[in-house]
Structure formats: structure tokens, C-alpha cells
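After the C-alpha cells below, expect a handful of questions from me.
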Amino acid sequence: MALRATPVPDNAPNKITVKELDFFYGDFHALTDITVDIKEKAVTAFIGPSGCGKSTFLRCFNRMNDLIPGARAEGLVSLDGQDIFETGVDPVDLRRRIGMIFQQPNPFPMSIYDNVAFGPRLQGVSKKAELDEIVQHSLERANLWKEVKDILGRGGLTLSGGQQQRLCIARVLAVEPEVMLMDEPCSAIDPTSVQKIEDLMAELKDRITIIIVTHNMQQAARVSDFTAFFLQEVAGDPAILVEYDRTSNLFTSPKDRRTEDYITGRFG
Amino acid sequence: MANRLVRLNTTERGVRRRMRIRAAMFATVVALVAVSSGCDRNGPAENEVIVTGSTTMLPIAEIAGEMFHDRYPDKKVLVSGLGSSAGIETVASGSSDIGTSSRDLKPAEEKLGLYDTPIAFDAIAVIVHPDNPIDSLTTEEVRAIFAGEIENWSQLGGRDKKVGLVNRDEASGTREAFDSIVMGDTPFDRTAAVLPGTGQVRSVVANAPGAIGYISLGFVNDEVKAVTIDGVTPTPEAVVTGEYPIQRLLHFYTVGPPTGLAKKYIDFVLSPAVQDTIIQDAGFTPIIGGDR
Amino acid sequence: MSKRITNAIALGMLWIAALITVAVLGTVIGYVVINGIGELSPRFIFTWPEGVAAEGGVWPTIVSTLYVTALAMVIITPIAILAAVYLAEYAVQGRLVGTIRFAADSLASVPSIVMGLFGLALFVEAAGIGFSMLSAALALSFLMLPIVMRTTEEAIRAVPKYIRWGSYGLGATKWQTVSRIVLPAAMPRIITGIILSTGRAVGETAVVIYTMGQAINLPVSPLDSGRPMTVHLYLLAMEGINLPAAYGTALLLMILILGFNLGARFFLRRNRKV
Amino acid sequence: MSETPGTQAGSGTLQLVSRRTYFKELALKNLFLLCAGVAVAGVVLIFAFVGVRGWPIFAEVGPWAFLAGREWNPTAGLYGILPLIYGSVVVMLGALAIGTPLAVGTAIFLSEIATPRVRSIVRPAVELLAGIPSVIYGFFGLIILRPIIADATGGLGFGAVTAWLILAIMIVPTIAAISEDALRSIPPGIREASYAMGATTWQTIYKVLVPAAKIGIIDAIILGMGRAIGETMAVLMVVGNAPVFPESISDPIATLTTQIVMDMPYAAGDHRTALFGMGIILFLVSMGLVALVRLMSRFQTAMESGR
């Protein structure tokens, strides 16, 4: 909390707008009727019991679900007012602008340097000096530079779990995304590293819109400005968005009884 | 083209008899021979001798050709194995200098006016296990055994032991010779084991007490016993005198008496440098004196 | 009989089965080594066979074997790897994929003599390539294709999904992900598969006997014929006149193949980081 | 938002998929599909080229005379391959009878009994067994095994029994590897449940694991069967190559594969066509066995999902 800068003003522009989104895996209806506005340069947290579709929802934003055969979305998701499902929109370009961090730290089996340089290289940056600068800058922003500056040639997989996750963050930062999606980024790493990553999020949010999925309510309360609570009420039915509000409001005075039950630990 | 032909043929050295160019290669080789002879024969062809014919004789003609080339580096011997009939045909038609044949001329071929230079005897010994009490057989008995009519050695006064027939594969020159000299019109017993190599026939007979097989005389050693045929012990001498019945001559045919390089090559083949080495290594019996 | 005795006897039998398997391997290898070791010499390896009984060395057969194997590898590796990429990364389960898999399985089980006849009919005769390294390599490629395809596909599937996601998440296209992330990560296992299939090609006899010819020759161009070590061994063994050379050839062949096998294992162990 | 430091120039409207990228990716995908299609092309080509060369024999001699003819004597114009089919089947069955217990036993040993240390010796041994070229097995059979069989039977040592022993060893790696996979894919919980009920190791293997891995083991045996029927060089060197119905298992015999190799060097005309015809039959049999394995796995999936 201490690290948080000034609160996000109410009139902050919407970065991502979602209207009446339904999502299906083949015959399985996973999400229904989701409507939400994600504020720019804020941290938004998605919470809810496991299996409630919050990760699925997150993956709609950069169309990672396209990679799953049979998955389809109905409704509107727009980035800066533009429909991302519109015919012809390049998911590859979308993903350059919306970076993603996964639950499992997933450095590529190559050197630390090559990991970070991967994105810029995809976009055609090939000058050594330019790459060096991007790599250093990105690692610095991910608070990893001091730890790895002498071992840039070493394999990314030789780092500790927490370092690996920060390497992945640096890798995403290297392509200068506008939005960073984080899918339970701290669930597979040790507590000290969790602290580092949470600090990092606070530093990053003055330039980047962050959406984090977490099963950890304390984490959501610590790092986010806004929180959305998802719930699948009956097994087999699609999940819904129960409540969405400023984090401070949602945790102190939830409007929905189901939210209250969840945050007070009555289920989930 | 000529260069390729040399490699194709003269490098076919190695194990005897298996050196035949495959039937499938037949067409290719015929074509190559035709082409190479076509172009080479028009020019001053005095540096090459083209030898075609018997597959049985392919290895000796070839290796002798290499030795000839070693001795006269500017001369080449191009050898291909197409079968005896093809050898006779090609030499008669002028597309080769020497036709090799493991059989005598047929009546129709005698009109072609070919000159015969025998270069070796191909004599075949009938071999049994050394412990087999049978020492001698007649040609008729050998035929009956290989036809499957005699199935037990006791029928010939030997032990009560089943006859284990060992035949050669149908692509074998030895089988062809044995078939024409001994079997005639009588078919082989088809239950016989068929082996594609001389050494295997010998080693199988060497350790199976009831076995009987046939191999070129030159390959007989003391692991096996070569029986007398019609009372004649198979020895080089008996072959040369013509007493030993299971034998044939290997011929070089030329159009008229050999001349020029062909004569040089034939003389080389008849010289001790070839007769005492390759001819014997290949299991054949040398021509002593070179005439008969 | 009591439960425990039955158990002991049954387990004993299983031990015996395993022991027989290992013992047979030991016997075959031991037999070839003991009989062949005396033959091995630089002269045997580096000179030509001479005379009617193939005295001397086996050099041209070694060259022919390595030549045809390398050629087959060059032909088939790119095709097999890309085919595996298709199956592992692009294909959607369906009739097409089913057909491809069935075809690959069928190719893997085609008797090698049939592959030999096929090579003879198509490459040697119909295509007019003749008995040559190329004909033999093409026929061998079909034999190696399913092996390399399968090991590559398994290797690709073994690359964790997370790593792929990381790449897509950075805005990589499918091909960028496959070529820059997935294939490099799978490479050690792919190479192992290639080495193993190469070992198979080295030991193959019936395919090459009808496609390479049998003439002893030192191949230079892919259109040259030759005689591989396996065919040389077969001819020496069946001829039975020069068995020492057969033992020597068998030992060399075995060394080559064990070399490929152990090499593949060693390579995989050293590079198994992912 | 363009004044925001750090956001890159590409922000603003989302790019559409560029035509270049689209076609490049599409072209690559089709290239890969083409490569995968080589496998299909291979099967079709084999069928076409061996088929075209071999098909006329069915017309020339008649399918019945070819397949059921009791005499293979090309010089006499007799192209009956029944004795060769008989030889192939006899050799295959005997090899399976000897090889299967050995292979399945080894597989069970590897998956259920061996300690990691023992496993690390036995498993590579089984794999190496698969790597040894068939011509070396044949050589071994010819030089070592044949004389032993000759002494034991009083015959020449060529025949089905020698081929059985050699082939049995050669199919062990095939059967063992696939059976072991089948056994290992059984969830560990099943074993624990059986042991917890007081079953001995053998009872667990015999009553629980082998039935559970049954389909996989049968697959393995079918593929071993294919290997045995298709094996050429090793069998060729030890069967004696007499294309007849043998009187005993130690009399010379010939199989489809060995007869092709024996006859190819000199075969011409109908004879050669007949050899290609035998090739088609071998090809169809091997494909049929693969199809059978696929059918079985489909059957198994159906059964499991039905449960």
C-alpha cells in the first residue's frame, strides 16, 4: 500500500472495454454476459474461486484463446475503442501491444540476453547496440539488471523461480506493451520474490495498464486499484461477473452478498 | 562413358561368382557396352579390349584385366558378364573383341566361324562328410541322389543315414555346369537346401555327416571328402586328361585367331601369371600347355 | 502351491527372460568382437578388397555405406521434421491427420525387401537413376521418414505449452514460435532421433541390395554405384570362402551402429536441459 | 495517449493482419502439409510401383494358381507361392511362440521388477538388440547356430527351427518396447490398490496389470508378427531356401521374402513379375497388420469412454 502512488482518478480513460461477452470451449459455455471497463494505467485484479473462468477471461484480451481449437467468443472486447475480434485484426499485433505473464515462469531455453531480445528481434531489431540497450533497459525496469548483468549469456532456466518470473516480465517489457496481463504470476514462486514482483507492479503501472488474475485476495487488495469478482454458481453453468468496483470499496463494503461471502472466506 | 563402364565392371571384384551383374543391370550394361563399343571402335581402338560373356568367367576375366592394365598402363580391358550366349553373339556381331563362354558352341553357332581358345577347366567335385564310408559314386548315382531318388545312404551300401542334399542357387555357374553335365534332363530334388556360395556348401557338408554337395574342384580341402566319380579320383591331372567326367572348358572366342591387343590379353591369361594365381583362386583347373 | 512359492517362481522366470535377452545381446556382440578384432587393422579399413576371395580391405564398402546414409539423411531430415511440425503444431485431428499417421505407420512396417523392390522399380528403373547412391538413398529415405517423423513429433510435443505461450504472448507468429522457440528446444531429441534412424540405415541390407548395386566401387557422385558393408558382409558370409573378412566387416558394422546408438544416448544426456 | 512516455509508436489503431504475413504463414502451413503428405505419397508410390510390376502375374497365372499353387518352380513355369506362404507363416508363428514370452517377460521385468540400476542395464540392451543389423543376426545364425542345430537334429541345420531362434531374438525389442509402454501407462494407483489388498507381485502382474495392458501387449505382438513376416536377410541365411512343404522343422524351407532375394538375380519375365507380386502380398499383409493395430486402439478407446 505504501508504494502506491496517487489513486487513479475516476475520470481515467478506459483502456479496455468489454460488453456482453460470452465465451465457449466447444459445447461448454464458460463465461456469460460479462461487461466491464478496464481503466488505463491502473492495476485491475480478477479474483474468484478456481475454475471460475477468470484466466479464460484474461486470455480473451490478447486472444490467446485463439490457440485452443474450438474456443470462441461472442460479444465485444475493445482496446482503445477498437474491436479486437473484428475480422482481419492481427492477433499477433494485438499480443505485441498486450503482453502476458504466466503462472509458470516460462523463460525460453536460451540465454538471459536472448530471452529479453526475443521480442525486439521478432520486430526486426537486429543492431547489437540497439538490442543491448533494450535488454539493459528492460531488465532494469524488471529490477533484475543488477542480479544478472554479469551473466547475460547464461541460460534463462538457470535462474531461480522468482528471477525467472522477473525475466519473463523483462521479456514482455522489451516489446513496450500498453497492457500487461498477469495470470497468477506469483503462485509458483517463493514469498520473497512475490514481494519483489508486487513492488514491480506498482512501479510499472504509471506507464502500463496491468490486469492480474490471482486466487490470493490479500494480493489483490495490496496491488490493485480495481477488482472484479467472478463466480460460477452452479457447476456446468457459465461463470458470471458478480461485482466490479474500486478495490477499496469492494473489500470494505461489497454490494453483493456473494462477494461478501467470498472475501470473508465463507467459500472458495 | 567409357570411364564409367570401367568402374562398373572392372571393380566387380571380390567374392567369386557372386560378382555377377544383376539381371536388372542387364539392360544398362548392354546399353553401355553398345555405346562404348559404338564410339570406341570407330577410333583407333588398339588401347582397349572388350570382353563380354559368361558370368562364371566374369571374375577371372576382370581381375586378369586389371593385372593386364597394371602391366600395360595404357591398355584397358573392359569386361562385362552377360551370359555365355550373349558373349558368343556379341563377339560374332563384332561389338566385342572376345566372347567368353562356359559352354561349347551349339551347332547353330559353329557356323559363325569363331576361333576357340580354352583358358581353363571348370571341374566339379562331389563332396561328402569325411566320415561318410562312401568313397565312390557313379554319375548315375550322383544324378539319382540329386534328383531325390536315393534318400538314404543305406541304399548305396552306406550307413542308415538320411541324405542331406546341398544344392547351389539357380544363378550359380557351378549349378549350371553340374546341371548340364550330370543331371541332363532330370530335375533337381527341390527339397534340397539351396546355398548361394561355394564356401557355405563346403562348410555345411563338412559338419553334417549325411550331407552331399558339389563345388568347384579347386575349392576342395580336407574338411570334406571328394568322392571318385565312375572310378576316377578328381585331380587336376584327371581333369586335364579328360578322364574325370564332371568338367567343362571355359572358352575365349574370337573372330578368327586372335590378333593384336586381344591376342596379347589372351596370351596373358594363358601365362602362369594368371593360370597359377587367379584361375586357381577361382577354383578352376589351369590349362596346362594351353591346348586340348 | 503356496502363494509365495508361486510368486517366487514367476518372478524368477521374469528375471530369466530379462537375463536371456541381455545374454543374447552379449553373445552376439561378443562373438563378433572376438572373431573380428584380429582382422581390424588400418590396412583392412583403408584398402580395397582384392582378388576373387576379397582379400585385403573393405574401404570402398565403408565409404559407400557412409555416403548413402549421409545422402539419405540430407534428403529426409528437412522433410521429416517439417512433416512432424505439421502434425504437432498445425494439424487438427481429423481424417487428413488420420491418413497421414496411418501412412507413416505403414511405411514404418513395410518389409525392407518390399522397399528394395520399390526402389528398384521406381528409382533405378522407372526414373532411370540406375544403381546408384541416389537411388539407394531415396529408398532409404522412405524407411527413415516415419522414424524421424515420430521422434520429432514426440520431441515437439514434449516442449512445454508454457514456453509456447510465452512466445505467442510476445507477439510471435506461429512460424516464429515454431522456428525460434519450439524447434530449438526440441533439437536435442530430434537429433537423437535422426542419429538412431541413421543407425537403422547403416544396418539395412535388403533395401540397398537392389538400389545401389553390388559392384565394389568408391562412389564419388551420387549417381555412382557401390556396395555397402551390409551387402559385402552378406556376400562374404554366404560365399563362405573368406570368413575372416566377414568377421572383420561385421565388427566394423557393429562398431558403426553401436557408435551411432551410444552417440545418440550420450548426445541426449548432455543436452537434456529442457 | 500518444504523449505517454514509453508507449511505442505502434499504438493507436490495431493493425490488420498484413497480407504478407498471412500468405507467408499460409504458404508455410501448406509446405508442412506437403511434407507430411510425403508419407502418404510413399505408401501410394510403393503400392503403385510394386503393384504395376507385380499385378500381371495375377492375370497371367491366375490368382488361384498363384496364391494356392503348390509348386514354386519358375524354370518349369510353375508360380505357386503356397509353399512360400506356408514357410512365412510357419517361421513367423514359431518365432512368435518363442519370442513373445521372452519379450513380454522382459517388458514386465523392466516395468515392474527391475530396480532403476538393473533397468539402466537391461533397457539399453533391449534397444541395442533392435539396432543390430539383420545381416549380423543372419551371420551369427549361419555360423554359430546352424551347426548346433545340425548336430542336434542330424540334418543340415537349415530350416524353420533355426529361423525361429534367430527371429525370436529379433522381435524381442519390438514387442518388449511396446508392451513396456503399455504397462507403464497403467496408473500407479492400480498397483498400489492391488498390493494393499494383499496380492503378491506376481498376482498383481498376472491378475491386474497384464489384463489392464492387454490391448497394448496384443498390439505389440501384432507388430512383432509384421516384423517376423517381413524380415529378410537373417531368415535368408538360415532357412536353407527350398521352396517346398518341409517334412520336418529341421528341413530346408523358404519364405516369401527369402525367395525374392534368391531369385531376383536371374529372374526375368513372368518370374520377375511373380516376385513383385509376392512383394505386393507382403506389403498388403504389413499394412493390414498396422490397420489391425489401429482398429484395436479405436476399440479400446471406445470401450474406455463407454465405461
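Going by the order they are written in, the chains are A, B, C and D; count residues from 1 in each one.
Please note the rule applied: a residue touches a chain if its C-beta (ideal position, glycine included) is under 8 Å from a C-beta of that chain, and two chains touch if they have at least 3 such contacts.
All of these numbers come straight from a predicted model, not from anything done at the bench.
Q: Determine the shortest chain-contact distance, in steps, between chain A and chain B.
A: 2
Q: Walk from chain B over to chain C along touching chains and report the minimum step count.
A: Tracing touching chains, the least step count from chain B to chain C comes to 1.
Q: Which chain maximises the distance between its CA centroid and that of chain A?
A: When every chain centre is compared against chain A, the largest gap points to B.
Q: Contact counts by the stated rule: is the higher one at C-D or B-D?
A: Greater number of contacting C-beta pairs: C-D.
Q: Taking each chain's centre as the average of its Cα atoms, which is closest to the average over all protein Cα atoms shown?
A: So the chain sitting closest to the middle is C.
Q: Just the number, please: Cα centre separation of chain C and chain D in whole Å.
A: 15
Q: Averaging only over C-alpha atoms, locate the centres of chain B and chain D and give their separation in whole Å.
A: 41
Q: Can you check how far apart chain A and chain D are, centre to centre, with Cα atoms defining each centre and the answer in Å?
A: Using C-alpha averages as centres, the distance is 50 Å.
Q: Between chain A and chain C, what is the gap in Å from one C-alpha centre to the other?
A: 47
Q: Could you check chain B for residues that touch two or more other chains and list them?
A: 22, 24, 195-196, 200, in rising order.
Q: By residue number and range, which residues of chain A touch two or more other chains?
A: Where chain A meets two or more other chains at a single residue, that happens at 92-94, 96-97.
Q: Would you give the residues of chain D that are in contact with at least 2 other chains, written as numbers and ranges?
A: 21, 142, 264
Q: For the protein chains shown, what form does their contact graph take: line, ring, star, complete or other?
A: Graph shape, chains as nodes and touching pairs as edges: none of the named types, so other.
Q: State which pairs of chains touch, listing all of them.
A: The list of touching pairs comes to A-C, A-D, B-C, B-D, C-D.
Q: Hey, which residues of chain B end up touching chain D in the complex?
A: 20, 22-24, 161-162, 164, 166, 169-171, 187, 190-196, 200, 204, 207-211
Q: Spell out the residues on chain B that touch chain C in their complex, using ranges where they run on.
A: Interface residues on the chain B side: 7-9, 11-19, 21-22, 24-25, 28, 59-60, 63, 195-203, 219, 278, 281-282.
Q: Mind listing the chain D positions that touch chain A in their complex?
A: 1, 4-8, 10-18, 21
Q: For a test of understanding, state which residues of chain C touch chain A in their complex under the given definition.
A: Contact set of chain C toward chain A: 92, 160, 162-163, 165-173, 176, 180-181, 184-185, 273-274.
Q: Quick one: in the complex, what on chain D touches chain C?
A: Per the stated touch rule, the residues are 21, 24-25, 28-29, 31-33, 35-40, 42-43, 45-46, 49-50, 52-53, 101-106, 108-110, 112-114, 118, 121-122, 124-129, 131-140, 142-144, 169, 172, 176, 200-203, 205-206, 223, 226-227, 229-233, 237, 257, 260-261, 264, 275-276, 279, 282-283, 286-287, 289-291, 293-294.
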